[in-house]
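As structure tokens, here come the structures.
Both complexes below contain subunit A, partnered by subunit B and then by subunit C.
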Partner chain A sequence: MIAQTEYSKEKKVGEGTYAVVYVGTKLSNERRIAIKEIKTSGFKDGLDMSAIREVKYLQEMQHVNVIELVDVFMAQKNLNLVLEFLPADLEMIIKDTSILFTQADIKSWLLMTLRGVHHCHRNFILHRDLKPNNLLLAPDGQLKLADFGLARNMGSPQDFLTSNVVTRWYRAPELLFGARHYTGAVDIWSVGIIFAELMLRIPYLPGKDDIDQIDVTFRALGTPTDRDWPEISTFGTYNKIQVYPPPSREELRRRFIAATENALNLMCGMLTMNPHKRFDPTQCLTSEYFVELPEPTTPSELPKLTPK
Partner chain B sequence: MSGTFQTQLLLSRPYLTRAQIKRAQHNTIPDRRVYNQKRLSVFKLLCDICIQFKFPRKTLETAMYFYQRYYLFNRFESELCYDVATSCLFLSCKQVETMKKITDIASMSLRLRNVLKLSPEIVDNCKKRIVQLELRILETCCFDYRVNNSVHIDDILTKIAKDLSLSREVAHLAWIIAFDALKLEILLMVPQHTTALAALKIACELTKGASWPSIRYSLFESDEPSVSEAYFDLLNFFINAFDLSDLKANLPENLRDTGIETFIELKKQAGLEKGLKEPDNIMSDFLLMSERDFGIRERRYVLSRKRLNDERPIKNTAKREKF
Partner chain C sequence: MTTSINETAAQKTAVPSSIRITDDDLYRHSTQYRIWSFTPERLTQIRTEINARAGAKVEEELKNFFASHLDLSPEEKEAVKSKAVPVTTHEELLLVNYFARMILSFAGKMNLPTEVAATAVAFFRRFFLSNSILDFPPKEVFHTSLFFACKTENYFIGVESFAKKAKTTTEAILKHEFKLLESLNFTLMNHHPYKALHGFFLDIQNVLSSRVDMSYMGQVYTNCKRSISDALLTDAVYFYTPPQITLAILLMEDEALMMRYMQLKFGLQVEDEEAKVQSTQDADSQSPITINAAKLLEVIKSCKSVIENKIIPAKDDAVKITAKMHYCQKPMAVVQRMKRQREASSTAATPLPGEADAKKQKT
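Up next is the complex of A and B:
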């Protein structure tokens, strides 16, 4: 079927290592869209893996809390991914000091994040790069998981995975130890850290480098022991790290001053050191936190970026 | 036609019937015999590279799918086919997450092709061709990642065997049979789990004391015509080329007397050859009637027919000349 060009690129809005992003319009229905033009020349290893993963995993996923891949097309010799246009992200909201947000707002964003993660995991996909910057916000307030450039299939238990995933501050302890086998629990850890960041409005565990990240993480949450995580001593680096006691409930209450007991329970469930014991998305979604008042804010009523 | 319009919308059809494949190849393969010969030596090359790098079978399987798919819509030239194959393998490594650097794959491919004097310049040129072909291969597959993604013949085969409580002996034999399937066009016709079912069926029939359970293939998300297509394709391959098969070279001890006659007998017992129903509209099928035109400015790829149909009325009225 042949017809007129369907997409227009109107304005360049960003440029990464492997793509240039434009805002444009899908001409047949005037829908605003974002076009990621994948750079193909100059890469010594051919088409970037991130582009491949983005198409591979977004192609079949359809969920209100996961970014929609609208189309894939070649324009002359360039690969273009058409994604839904999402003008803001959670990091912008957290950083914008003129925006006040409530516990109900935090609950709403967390709920939408967890729904997106639950959808990925039930399709056997690990996101592996969850952070506020990758949680995009639609004009109607819906939050959507984006940037699947590091995503991959859960695969077989014997597959070796790389531990060099997830932006440092959101990296789960098993990854800090260099685990080659891990599960969706790495995503849940990231969501737990994002939850803490939403409550604190500053990054919760900002390690300066990979070594410092280990120290920052365990200083805040206690060094895991082989009593609650028996496999931990199999990690080579485990014996070299400083031992910190876990924080008492009272310390957590003082740090997260506005959090309810149920909120702390959920956060601690997501930030459990042992990945086997860490909450899974279903446990998170059925947590008491989402049942108690206040109810999560309706997405359309959530705070938005103030136009500059 | 291509100069007149600016965009083309193509529906991905990852699997085609035998007649559809023949029709598509009619545009792209001038000499079928040369193509078949080269396909075997390409398979050998890919096998050797996979052995050197210790890639799992799924990497080879995906590369063979890409290679055969590529030549459905791109003209076959025997000089370029090894580069196409190397690029298919490079891409398949990315697809199934068995990553390797392009330099390693290019050098290994050249070395195994007995290219004397492997200068950096020769390797660089090979790398350039691999990268150039990579996007074309993906385009030929319509960027359809539903196939060759998480289901591969060898691992689904063991899972099905377990589910059907088949013996380890049968599963192992099927696993060997399935290796030969990677050389066949069946990869382009039915999904991997269907080929696995057919290999298991044959393995059961070859093993004394084992019998293929009468199951509804829908339990395994397949159907009778698809399994039959794979079943007869494998039987025909062993009847025609058993001596060249990897099955013959790897027959278990207790099956040493298996030969062409065994497969002729199996085919006789199976009755009339059946398989996928051939559609009536092959001669009016736009996808198959001409070589793919990669010169069209904007080429869009969709996965669902509904999406294609949804856009059709709008598009037909919006058709216009290129300006």
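Up next is the complex of A and C:
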């Protein structure tokens, strides 16, 4: 067992339903770290599932665009996850109106996000809760996927999965329809929505509730037909929804005013209704968008939060 | 599946695009490989050390016992010395295996998914790679492993309904959960051979296409699935990767089929001239595979012999070992039993030595 005296807890920075987060220092090398203390009392079923998932998946991944689990230890019957210290997230940056960012900056964040997602998927891990708030930013500008509390293995084809995953605005159409079988395509959809949000600086599809989310999604992107998605009629709710035409290219150009044709191609690839036809991480990473100018901003030169 | 992370303009300058991360590289980063794979020598050493540590503790406690019970008669002393003997490394292994096997059948009775059962077995066996059965009786960790495996494999069952199904208490299930997590080194991901089996099952049909009978392949698949569960109780899981174990099991199931597959898939050279010609032809049509087929076969055969070398502990062994553990923990029980025997000696037949107390210990 690792002694907790290896780390100091300095300041409480957050509290969720199942954990308290502290900022601290690893004493041996003065490294800044975050300690997520998992509350254990009050959980009658023993260790909480989110904590288990987080430990399980983060232990397997070492990638510059996935948050590093530095250590795990027990102290006073509490489970402590020592994570790398990441002071900001993409949501803060998007919302901070004093920050201006360029197309090259967006490209850089998107690239780092996709690399992280690619690494998860190569390890057969679905994140299932991608949103700007879970894309953390390191002091050196690197973006890291965080919060694996909803992650799971890509199941065997016959496994039943729950469709009640991903924060509503970032939820893929198959999840909105309640699919019990889905793939990494759900993560790609979320990234597509994040891409749109980076360009618009406001949430792209902010549904008020689960029903409204279906309406908002298809009003913006068109209701899928069984021609582009043959299995769609097997979803019970499909027949009850309003049919909207897909947006014309011109409408998309007007909405995403600064986007290049390649940027729109990539976004549309990620926001393809049929999950089988949606881009996979490799298709995204090799898209023309990342080859054309401007080059993505070097992480260390990306805009940062202005100190308050 | 593609194995490349296609580098973009920005990265091309920093990293040569020829560097590709293979699936083998990914496996080598898994905790199953980094933390839970051993050489046979290292594994033996770990087990010997755990046993020696626990044994020394028992000896120490016995010494204290004799020091604080000076009123024992010489016969009683002798009896304690002969009964309260620390278990050997081999006995620890036997009892752990005995219970690990029980986890599989128990999980079957509870209708739990195969992967959950496999993970429970892995957790349970790993637990005893850092703890001795003298410190944690296996039956106390048995349910904990199964319950915890349900949670880590995303097959959540509330502790209360689990306890009801398993006919135990919630306290008993949760008592060692933290200890289990800690003993597992906080690593919870398991890669079992079942996925590899499914992959090979599909690929064999693909590579041998018209030459295999579908319903026969179905039978092979079912048999192999059962054999994999059996292999999870052997040390093969510590020495070999899931696909290696799968290939070994397929080889045990149908050697001719597998040799044929390996010729065509990996270009394995064989004595039979006709087959040789065939194999090179077919190998050409496949994507180039850089696997050394002869070496692979050698690895699979050695894996096969580890799997075949399985230990199936008899119930008698488990009872005897449990009795020893019991007397080590409670030397006074030996004395009390002698007294009872003396009192009963004139009346009825006495139970066999070791049996009476041991029975109370069984699950």
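Basically, the second predicted complex is superposed on the first by the 303 of 308 C-alpha atoms of A that agree within 3 Å, B and C clash if a C-alpha of one lies under 4 Å from a C-alpha of the other, contacts with A are read in each partner's own complex, and residues count from 1 in each chain.
Criterion: a contact is a pair of C-beta atoms (placed from the backbone, for glycine too) under 8 Å apart; a residue touches a chain by one contact, two chains touch by 3 or more.
This structure is a prediction, so every number in the text was calculated from the model and none was measured.
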Combined model on subunit A: subunit C and subunit B, fit or clash: clash
Partner chain(s) touched by A:L79 [first = subunit B, second = subunit C, both, neither]: both
Which superposed partner A:L111 touches (first subunit B, second subunit C, both, neither): second
Which superposed partner A:L285 touches (first subunit B, second subunit C, both, neither): second
First (subunit B), second (subunit C), both or neither touched by A:K144: neither
Touched partner set for A:Y7, first subunit B, second subunit C, both or neither: first
First (subunit B), second (subunit C), both or neither touched by A:V55: both
Partner chain(s) touched by A:S28 [first = subunit B, second = subunit C, both, neither]: first
Subunit B versus subunit C as contact partner of A:E295, first or second or both or neither: second
Touched partner set for A:R122, first subunit B, second subunit C, both or neither: second
Superposed model, subunit C segment overlapping subunit B, candidates 39-47, 57-65, 273-281 or 345-353: 39-47
Doubly contacted subunit A residues - partners subunit C and subunit B: 1, 44-47, 49, 52, 55-57, 59-60, 72, 74, 77, 79, 152-153, 156
List of subunit B residues in touch with subunit A within their complex: 1-2, 4-10, 90-91, 94-95, 97, 99, 101-103, 127, 130-131, 134-135, 138-139, 143-146, 149-150, 155, 294, 296-303, 308, 311-312, 314-316, 318-320
Subunit A residues touching subunit C - in the complex, by the definition given at the top: 1, 44-47, 49, 52-53, 55-57, 59-62, 72, 74, 77, 79, 108, 111, 115, 118, 122-123, 152-153, 156, 282, 285-286, 290-291, 295-296, 298
Complex contacts: residues of subunit A adjacent to subunit B: 1-7, 28, 40, 43-47, 49, 52, 55-57, 59-60, 71-77, 79, 124, 152-153, 155-156, 159
Touching residues (chain side subunit C, partner subunit A) in the complex: 2, 4-6, 8-10, 21, 26, 29-31, 147-148, 151-152, 154, 156, 158-160, 170, 173-174, 177-178, 181-182, 186-189, 195, 198
